[in-house]
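Two complexes come next, and they have one chain in common, chain A, joined by chain B in the first and chain C in the second.
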Partner chain A sequence: MNKNYIYLTLLLIVLAGGLFLLPEKENYQHMDPEDLMWSIVQPTRYVSTDQVAKRIIEGDPTLELIDVRTIDEFEEFSLQGAINIPIDSIMVPEYQDYLGIEDMSAVFYSDDDIKADQAWVLAKRLGYDHIYVMKGGLNCWIRTIIKPERPASTAAASEFELYSFRRGASMYFTGAEIAIPDDEGKQKVQVARKKKTVVAEGGC
Partner chain B sequence: MHVHELNPKRTMIALVIFAVIIVVGLLTLSGPRLKYALNPEQTIELVTYGEGMVYPYELEDVLNGSIDSILLWDIRNTFEFGRGHIPGAENISAVNLLTPENIKRLKQLKEDGMAVVLYGKDQLHANGPWMVFRQLGCDHVNILMGGYDYYAEWQDMLGDTYYDDVYLLGMPDFDYVEEAASAVIVAEEPSGTKAAVTVKRKKKTVVAEGGC
Partner chain C sequence: MGPLIPQGIITGEWDFVIALLLGIFFGFILEASGFSSSRNITGVFYGYNFVVLRVFLTAVVVTMIGLLYFNYMGWINLDMLYILPTYLTPMIVGAAIMGLGFVIGGFCPGTSYTGVAIGKLDAIVFTAGLFLGIFVFSEAYPLIEGFYNSDAMGRITISEFIGVSNEVITFGFVILALAAFWGTWLIEKRVRKTITEYKFD
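And now, the complex of A and B:
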């Protein structure tokens, strides 16, 4: 038998041995730093507390709230339906199963938005998509949704509209009673009824 | 009789070509331009220990010239930079942070023992870019707490910010449980108490005003 065959075989065996030197395969693909910076520069990752409130109230099934505070803080108070992934446990595989679910949009939140943003940068680097940050965090949640401030009487109509949404949302989330100021001179509502017509009205 | 044995050198040639292709392949294997120096676990450590944060009152020494080894980089856009910035800051908008020239410059600055302080509109604005630099191993890149907005508010009395804590982030401002439970919403006030609105009307001018 030709000696060269032996050399060729040995070479292939040595090269195959090189596979042992390859780093352990990770279940995610790191994002290139330049691409990461590019997606950081876009402000599209931020969602407002109003948007989050609206989606919770409407029961949006694609919303996945992720609380990145500690377990204790999470157990004390969290948003409706939120999952707790403390920022220092983001590398734990069981927690990562919550990220990257198809068609779900994961919204990170913390006390304000710094921690959530840091978790976002990490998750983005790990290659997860459809992730967002709730701007202002829980502090902003209390300020805008739980204790909304009445706009000045000169404010634009859109602000009143937002205020009325927030008041409704506040009732939804706190179950608060509305303290209606005593108002004696209430006008009676007169209901104008439609007269019945004899002939059946159109229909199919 | 095997075909190859007609020319015993044939396998030798194949062996050499095979080896050459592999060697050339390994030599020309090029890595990505930028590589992470910190793995995700190290990055988590970095953000949980609050390393690389520059307090607003620390700026005072930079601004009065007693520390000259710190460069300020403003990552806001040129328009906002033009409206106002920290004296001595350089405007490098966020999209240009990772250009090859800038990376080269950062390396040079590190060799020269200089540090960089990034700032944006607020701390959140510079947080992402700062994290990318740190993950690339630029541990001489720091972030200004509070960002430009906080600086602008306090620029005449930066020293006093030592006693302020508004710029400290990552802490609850409320007792959430209490707030969420005790909220009582005052409904609209009865309409009778509304202030009368006085409408100022523009006086009619006789001459027809402009128009096409």
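And now, the complex of A and C:
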């Protein structure tokens, strides 16, 4: 019998026996506190009310709005297509089925973003990805989407674009009609006629 | 640090690249261990060649010990590893069918491909049968679906099931494997008169 087999046998026994000497190690089941801290300080979890409004209007099927307010508040007013998971029920396994859906981005919202942020941290700690918070919550929603303020006349053109989007979104969500002043949209159309050019035909 | 993909260190798209590399190495090791020959493989059932049992038990034992040390060093988080869900009765029946195919055909699915790679006729026939079997199983799936999903125990490990720590299970398994190595060596020596010992250089 080759001696090396005996050495290998002893090595395996020593290695396996050495396992008993290792101290107990607690693995964090869901997320390391340090990782959690890093993801909490990232602003990337926020989506703006404009982004949410745009995705609702476009009928984005990957958007999952989660209202973390109470059932009464949810029934009184909620965003279109939102589901209600009150923040104290977020640990209920049946509700968690709504969080881990592949390719869906879950956006939490509440009146402001405090409760939504809390829900986000809980969900993150439970190990879910693709979760976001609507920045400013419903208060910001009302301020920006439902009753947008007209920017000052000296504001940048991009702000006017944003304003016109918000006006449109406001119409979409409230069904309100917007009176368009007569002078708007009545610019004189400049018709640019193509200059006639003489084309050499044939010959070449 | 690990596992890399569940911790988001690399993205899930790397799955295929890693699978390809691992597959190449796995095939290479199978071929190098002589698993592309059905004689080597079925020898375990007739008692003249236990190389299959030795290679796979070595792999299992090294992995078990390695994972526990890696977990201790913080290189891998054991709790994040994927565990195949257990369906006890269907798995026992499936293993029996697989073993039957093993002893009749002389290959398991992985080794049959290494056999095909080096042009073994029996491996090519076996692989054709393998695809036929997959087709029949898929077509018959509605009939056996109930049994297939029965006896679900979820993602459970042996240590969770009997309530003993991983270290004890591993140590027990190492002793079992060593006993198997030495025991099968004795059986082989008795069955096969002209046995050659592997020489360490």
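What we mean here is this: the second predicted complex is superposed on the first by the 150 of 204 C-alpha atoms of A that agree within 3 Å, B and C clash if a C-alpha of one lies under 4 Å from a C-alpha of the other, contacts with A are read in each partner's own complex, and residues count from 1 in each chain.
Everything that follows uses one rule, which is that a contact is a pair of C-beta atoms (placed from the backbone, for glycine too) under 8 Å apart; a residue touches a chain by one contact, two chains touch by 3 or more.
All values reported here derive from a predicted model rather than from experimental measurement.
Per the contact definition in the header, classify A:L19: touching chain B only (first), chain C only (second), both, or neither.
In the superposition, A:L19 contacts chain C only.
So in the superposed three-chain picture, is A:N2 touching just chain B, just chain C, both, or none of them (first/second/both/neither)?
In the superposed model, A:N2 contacts both chain B and chain C.
Quick check on the superposed pair: does A:V121 touch chain B, chain C, both, or neither? Answer first, second, both or neither.
first
Is A:M37 touching the first partner chain B, the second partner chain C, both, or neither of them?
first
Quick check on the superposed pair: does A:L11 touch chain B, chain C, both, or neither? Answer first, second, both or neither.
After superposition on chain A, A:L11 lies in contact with chain B alone.
I want to verify the contact counts: of chain B and chain C, which reaches more residues of chain A?
Ranking chain B and chain C by residues of chain A touched puts B first.
List the residues of chain A that touch chain B in one complex and chain C in the other.
Common to the two interfaces on chain A: residues 2, 4, 15.
Looking at the complex, which residues from chain C come into contact with chain A?
Residue positions touching the partner: 8, 61, 65, 68-69, 71-72, 77-80, 166-167, 170-171, 174-175, 177-178, 181-182, 197-200.
Could you please specify the touching residues of chain A with respect to chain B in the complex?
Its residues touching chain B are 2, 4-5, 7-8, 11, 15, 30, 32-34, 36-38, 40-41, 73, 76-77, 87-88, 90-91, 110-115, 117-118, 121-122, 125-126, 138-139, 142, 146-147, 153, 167, 170-171, 173-174, 176-181, 183, 185.
Any idea which chain B residues touch chain A in the complex?
Result: residues 4-5, 8, 11-12, 14-15, 18-19, 22, 32-36, 40-41, 43-44, 47-48, 94-95, 97-98, 123-124, 127-129, 131-132, 135-136, 169-174, 176-177, 179-181, 183-187, 189-190, 192, 194-195 of chain B touch chain A.
Where on chain A does chain C make contact in their complex?
Answer in residue numbers: 1-2, 4, 9, 12-13, 15-17, 19-20, 22-23, 25, 27-29, 129.
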